[in-house]
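For reference, chains read A, B, C, D, E, F, G and H in written order, and residue numbers begin at 1 within each chain.
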Amino acid sequence: MTSNEAIELLEQFRAGRRSRAEVLQTFQAAPIADLGFAQVDTHRALRKGFPEVIFGAGKSPAQVAQIAAQILVREQRLLITRITSEHVRVLQKKFKHAVHQELARCVTIEKKPLAKRAGIIAVLCAGTSDLPVAEEAAVTAEIMGNRVERVCDVGVAGLHRLLCRLELIQRANVLIVVAGMEGALPSVVAGLVSRPVIAVPTSVGYGASFGGVAALLGMLTSCGSGVTVVNIDNGFGAGYAASQMNALTDLVSP
Amino acid sequence: MTSNEAIELLEQFRAGRRSRAEVLQTFQAAPIADLGFAQVDTHRALRKGFPEVIFGAGKSPAQVAQIAAQILVREQRLLITRITSEHVRVLQKKFKHAVHQELARCVTIEKKPLAKRAGIIAVLCAGTSDLPVAEEAAVTAEIMGNRVERVCDVGVAGLHRLLCRLELIQRANVLIVVAGMEGALPSVVAGLVSRPVIAVPTSVGYGASFGGVAALLGMLTSCGSGVTVVNIDNGFGAGYAASQMNALTDLVSP
Amino acid sequence: MTSNEAIELLEQFRAGRRSRAEVLQTFQAAPIADLGFAQVDTHRALRKGFPEVIFGAGKSPAQVAQIAAQILVREQRLLITRITSEHVRVLQKKFKHAVHQELARCVTIEKKPLAKRAGIIAVLCAGTSDLPVAEEAAVTAEIMGNRVERVCDVGVAGLHRLLCRLELIQRANVLIVVAGMEGALPSVVAGLVSRPVIAVPTSVGYGASFGGVAALLGMLTSCGSGVTVVNIDNGFGAGYAASQMNALTDLVSP
Amino acid sequence: MTSNEAIELLEQFRAGRRSRAEVLQTFQAAPIADLGFAQVDTHRALRKGFPEVIFGAGKSPAQVAQIAAQILVREQRLLITRITSEHVRVLQKKFKHAVHQELARCVTIEKKPLAKRAGIIAVLCAGTSDLPVAEEAAVTAEIMGNRVERVCDVGVAGLHRLLCRLELIQRANVLIVVAGMEGALPSVVAGLVSRPVIAVPTSVGYGASFGGVAALLGMLTSCGSGVTVVNIDNGFGAGYAASQMNALTDLVSP
Amino acid sequence: MTSNEAIELLEQFRAGRRSRAEVLQTFQAAPIADLGFAQVDTHRALRKGFPEVIFGAGKSPAQVAQIAAQILVREQRLLITRITSEHVRVLQKKFKHAVHQELARCVTIEKKPLAKRAGIIAVLCAGTSDLPVAEEAAVTAEIMGNRVERVCDVGVAGLHRLLCRLELIQRANVLIVVAGMEGALPSVVAGLVSRPVIAVPTSVGYGASFGGVAALLGMLTSCGSGVTVVNIDNGFGAGYAASQMNALTDLVSP
Amino acid sequence: MTSNEAIELLEQFRAGRRSRAEVLQTFQAAPIADLGFAQVDTHRALRKGFPEVIFGAGKSPAQVAQIAAQILVREQRLLITRITSEHVRVLQKKFKHAVHQELARCVTIEKKPLAKRAGIIAVLCAGTSDLPVAEEAAVTAEIMGNRVERVCDVGVAGLHRLLCRLELIQRANVLIVVAGMEGALPSVVAGLVSRPVIAVPTSVGYGASFGGVAALLGMLTSCGSGVTVVNIDNGFGAGYAASQMNALTDLVSP
Amino acid sequence: MTSNEAIELLEQFRAGRRSRAEVLQTFQAAPIADLGFAQVDTHRALRKGFPEVIFGAGKSPAQVAQIAAQILVREQRLLITRITSEHVRVLQKKFKHAVHQELARCVTIEKKPLAKRAGIIAVLCAGTSDLPVAEEAAVTAEIMGNRVERVCDVGVAGLHRLLCRLELIQRANVLIVVAGMEGALPSVVAGLVSRPVIAVPTSVGYGASFGGVAALLGMLTSCGSGVTVVNIDNGFGAGYAASQMNALTDLVSP
Amino acid sequence: MTSNEAIELLEQFRAGRRSRAEVLQTFQAAPIADLGFAQVDTHRALRKGFPEVIFGAGKSPAQVAQIAAQILVREQRLLITRITSEHVRVLQKKFKHAVHQELARCVTIEKKPLAKRAGIIAVLCAGTSDLPVAEEAAVTAEIMGNRVERVCDVGVAGLHRLLCRLELIQRANVLIVVAGMEGALPSVVAGLVSRPVIAVPTSVGYGASFGGVAALLGMLTSCGSGVTVVNIDNGFGAGYAASQMNALTDLVSP
């Protein structure tokens, strides 16, 4: 239950459409569900605006399914990242709303999708091989209630490919820029816009790219003001942060 | 001239309070001022919302002063970071509005300060030694038109110091969290809020802190969702990004 | 034969319940058993309080079984770590007391378990994926004569999960804290207790976690006083050290 | 006020030697003293058994003196590490009990020294150049109420130097082993004793010692069971942890 | 004596303007001059097209002067890099043609400058702080017989600064691109031209730039085809290689 | 269409052998072909002298084939690197000119091969295991219109193997030197020639070669003047740069 | 043909047991055999005392067999390292003297073994997992004409295992000491002997052993005088160097 | 007292030229002299063939002088490395035989020099800046009883400088090869000789030489068989090891 949903619940109670018992039960639920192998943070949506996201890697399909079930008791939506086909099989069997986001290696479950914010999050990637990470970012931002526009394969070796998307790039509220190898794209993009740029290094490359380290260092030392960086291949983190930033437009600056 | 200032200029023209010649001259100015040793990007405020910031390190006081003078031809405010006392001496002699932000190692020049946004940017730091970096972030955010609240010395070794500031922490629009050594503070803070958290590793520490690398890696691999990271000791970058994020509240989400 | 068992043997001799020949034979045994490919340190229990632990990785099942047999000639218990299912099959066939500790990837053989100390060793882990390392620590501490309490999935991104275990955490004599990614948990725990905290970095994570290096550096530079660190994924080492510390309670401070 | 001192205070109240007001005032004091640049954790002695230790590096003498004064309002003893001669001058002027531990680069202030535990902490160092780090460990352990024996210059290149101290080494409750270069000493020592060994890598060495990294890695991968490690040059951390371990002998194992 | 000069000598002999003795003496000179502390490679100009360049760092002014004198016995020009003001003082006293290239930290001695090739070598640098390295490259290329055009402060954060120099950039035979921080400029430049691009990382930057490593890795993993890289801050090497490349235009392709 | 081909087209138009419509259509084609997952840079041949090269790794055979088809609409030749046998199968089925360069792990498609330049590019490799990288360089240089001579297994441990190829080595216009392990060969070669030397480190070796890092560092710090370096195993990049350099002989130096 | 064998050939000629033609043919053979993919250094035995050793990794069985055949034309013995079972199969089929040294992962071919030197080379290893590397060293030293004694599993965690082999250790002419993890054994051994100690780090270990880096650094920074080091897992190199050292006893010091 | 000197003493006793008391006193002396801050290993000459060498760095002049005095009670010679001018002043005042080896940064004290072995140790260095390290190696080898020949500035960029010293290089018993930057010289030298080659990387270089790491890695991965390596800048270690190797010629191979 996000805080928006909590507010709605209270208003329904005031309007007499919900009983006091219902409301009490909701808020008295323990903030942790203890599964033995995991302490599910059932309080997270209220505190963070979105329920706990399940990181699939290193968890068995059964464990993932158990945690998912626990969260879906009270939540309308759920994101599970870094999944294998085995996870997908089990989840789709158990949850009818489970959708396999294949390129993004995620499963999304939306019993009731969030309304979308007006402002756009743009997800740019430098090369075709960066697509899975970019897609993880896009899927994350979308399930969290954002409109996303994808711009693919606009690396700096052919500047005109980037420049002919300038209108979109300058219109976006937040930009996620995904790149491997030397990771130069965020610097160039940040020079063109006044909105926050989140740089995502990918492990694409070989030799002295060192599994994404070259791109990571390039992004951290970017000469473009306002660039912030997430971990190598961390599309999820970028999408999550972008959504938090875009959500600031929900606040009306007095 | 920021885009807000450009809009104002055009409105004044429409209202007959500025001549066409004045307007034309402003927009016809070249987007670059060539000083030989530097190509000053006089177009940046229009494009990025804030004039080019001068990175003092590695430039002579005379070079810095020349660039500053060039920018101030058209701009109302200016930030110069990583300065030495020699820079300060020359700048204060030449520019009457020059203010030495000692702890932040910056000079600010504000002929006409920007109006401040309502929403708060909170700058937290883990230890007393992280203060200069935190202050660079705060000064940057302030000159860019934001209200800043500072919370000092709330490292995770004494959690109650952090928790007794919870109200402020949860009220801020954007949080900048500065920490050296193991850099654990952003993870803990990110678990408590739903707003963007910008983590700034500092070079504070010794031995296996490797000049801030331990903190940097800790922040990049943070288990706290929504954390983005800037370069070691890059208080300026954090303040700049935070301001860009906070500026999203200027947009009214339809 | 541990020194406690040696003391008991001598007392039995003094009491006339053992012959001189029996005692002599025990102490005259060579301190090394030479198997060609290995020099089994048969003197270790007397010197270190616990017989040589066999590191299974890189040894064939036959080699492991031979070393185990050699040690069990004189010892009542044995720990074999980092084993494969092939090791397990051979060991369970040969030794009837062999127990497969599956999650911990160990085999334990206890002909006569050690009496347990009163004081508790707490094993905390930050995430579900850290469980195997935590369990290796727990199994090690248990076979060495300690009571262990496990606390799972209490990472710092949801502080309330940790704080609601505070009573147990402050009651333990020694704490083993297992975490991957940024490894922040030991710093927070060390701030809450006055007992020794042993931090165990795990290789859980991706990208800039560099196979546990981020967690390792974070723990080494921890701002929490009294934290000591073992190698990445070294649950065994943590359990062993924790047992040595807890054994200090066997000594009566005058 | 340590918990022992708190217990004594309550007993004095019960015995009528202290007024209720006095007791209340003591416990009602805020757990934080806010100095602006620092949040002094005045609750730490009660929680951790020893008052907050001041890390001098990066703090001005005035800042250190202010924090020290704040702590000494309620505490009987204080440790300040990594100090310069300038710190010493200011502290000795302000606090009459301030003692300069020159080799250890510390200042200690003991209004009323703690009673010493019976069990010994042995501090070994491999070479003469490791002495300052070893001494920092020793001074820390001593002020926290432990007897310390120092063994200097017993590196493994001349094993007889170590072996002729075997009696002491095997008698100690806890061993701190300080070494630079290849850091081999803890492995050898751990093979000879059944008590906890805390390894401290130092930055002594050149070339491929990489400022202590060679020693640190050697200690983390030590084949000696039960070795735990602290940061490079972190004598303080080793002394603190050793004291926490030795304090376990205060508990009587039932 | 370069091979061009050798050819000229032989033609003068054939034309009767030089005696056989003169020619013989020139070619019979030993290919090494042994100064004890140095073996001057007097054969290098013939083999490599330019006399041995003296790396000043780590050599005393007297040593540099001795080597210089030895080379100038037979050569018309000489380059000495990485010099201090002390070197300059001694060299200018001893050699009347010695010119201090202050920004480039070099001394050049040209008794008879080489004729300049028609094709241009362009030296671009990303920021003002990269100037000394760029200038070392330019001075090297010039003394080796090339025309050089310098383009300063055209980093990717303000693309228009670069693009308005496009004509020059596309006209150059060889491009040297100097950049610190994330080192993105060579990738962008390589995308715009069909000529060889030599990337020079500089140690400009802080934190995760690691003294030029970020820029170096970025350049090595550049997505721009045809980029080759030299060592960090190695302006000399870039200028030397650029001259070798430009000299290929001396060959007429049949 | 390379610029040479564009020139020819215009001359044919002037000579009346091509219609205006044909010419217009050619130049009006969009500089990008958008395939969704890729933005094919159809303008590259005109700008860089050779059409976009497809990096096969990380792209599906279908994606590679689609991009290839797109490029071949207007281009006469194409290079696809880092391919698998699956790529080969699909490409050979679809394009009749597709040739599998097995050792080089490339596919080349030449509808009409470029005329070869007179000057030679020499490709040297230090050991037999470096052959695939050397061959990738050679194939790249050949398809771009160069004559290539290969010299294999001339590592510095048997200098006579290298020296007996001295004539060829000194005759080449450009030299590509491929080596793993300590990467010493480029330094030795650069000492023997006056032409550009491109060093290619390979990942051949074990232990402290760290996947080519030892060779890379050795080449970057080479004492041989004029050596430039490409990424580990980047034979393609070396061949491409060598061709760009050799193409300078197409220009007649006035 | 080693130089000893060359001397014998000449003596047989002088004694009339060999024809002049035979001798001439031997010395007139080219110093290189060109196989296209390899330049076999047929001169090496004369120059280095042992024929070229074939490094099997990265070469096909057919390539290895061809090179081997070429060498055996003139040589009596041959060593092939880092082989797979596929190499073994092909080699044993082709060469009847081919012996598979399984543990050492080598094939040796000795048509006529070298006479053995009197002095012993001792090969020590710290743990059972280090055996393959130790055995590679031993096999190499043996085929080069040395007596080898192996001492296994004498790591420093149980010093008595090492000390009870002291007589042998002090009797050896050269010592090869193989160890993974922290690599402390060479330091201890070097403190006990006056003969050369060659340290071989192995990739045995996990976590912070970083594939042998911890051991390598430990050995390079060893406090034991006279320790020299070879690459990680380079048993061959250690055996080769040890043989070169031991061969110095063939020289009679006047 | 070396073992040779011990043998002489015993022979003098047998011959009646020394009293039993004298002999007994010599052998009864403790193997350690405890100076508090140092345990002088007075037994080392007997065990290792040369008395303990004092590493000056990090020790005060007074400490060095005290240790030196202790050693000279029984020894005829002494080496003190890494000294400052302050050390020299104190040592020359106290010991009349103290000689300052300025370039080598050592002090030698030889009351009675050792007789020199016949076989030569060659010390080669690649560049003039490597001289101090080479000289430390040479001085060490000389005081230990060896003849040393120095060959300076023979780096691989001018092979003829090396090749014209071939006779000396092939005549030496042991070769020490000192090089910074890419450290290629040992590989080339090892290809030319059949004697042991000890490679010494130096910290000479800049950028990607990383303080000697590039040279170190190059030497460890050298393709030249028989190369062993010591720590960066460790001239002493190389000289010591070379002397141990050369001393093998003292043994007569039966």
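One rule holds for everything that comes next: contacts are C-beta pairs under 8 Å (C-beta built on N, C-alpha and C of every residue); 3 or more make two chains touch, one makes a residue touch a chain.
Keep in mind that this is a model prediction, so the values were computed, not measured.
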item: Those chains which touch chain D and also touch chain B; value: C
item: Per Cα centroids, the chain farthest from chain C; value: E
item: Matching chain pair for B-D (criterion: over half of the contact pairs shared, by residue number), options G-H, E-F or D-H; value: D-H
item: Chain centre separation (chain A, chain B; CA means) in Å; value: 26
item: Centre-of-Cα separation between chain F and chain B, whole angstrom; value: 45
item: Computed distance of Cα centres, chain H from chain F, in Å; value: 50
item: For chain B paired with chain H, centre-to-centre distance based on mean C-alpha positions, whole Å; value: 56
item: Contacts with 2+ other chains: residues of chain C; value: 157-158, 191-192, 207-209, 213, 216, 220-221, 225, 231-232
item: All chain pairs that touch each other; value: A-B, A-C, A-E, A-F, B-C, B-D, B-E, C-D, C-G, D-G, D-H, E-F, E-H, F-G, F-H, G-H
item: Touch list for chain D against partner chain B, complex; value: 31-32, 36-39, 41, 43-44, 57-59, 63, 201, 203, 211-213, 216, 231-234
item: Of all residues in chain H, those that touch chain E in their complex; value: 128-129, 131, 152-154, 157-158, 160-161, 164, 204, 206-209
item: Residue ranges of chain C touching chain B (in the complex, touch as defined); value: 126-127, 155-159, 181-184, 187-188, 190-192, 205, 207-210, 213-215, 217-225
item: Chain H-touching residues of chain G, taken from the complex the two chains share; value: 3, 47-50, 53, 117-119, 173-174, 191-196, 198, 216, 220-221, 225-232, 237-238, 240-241, 244-254
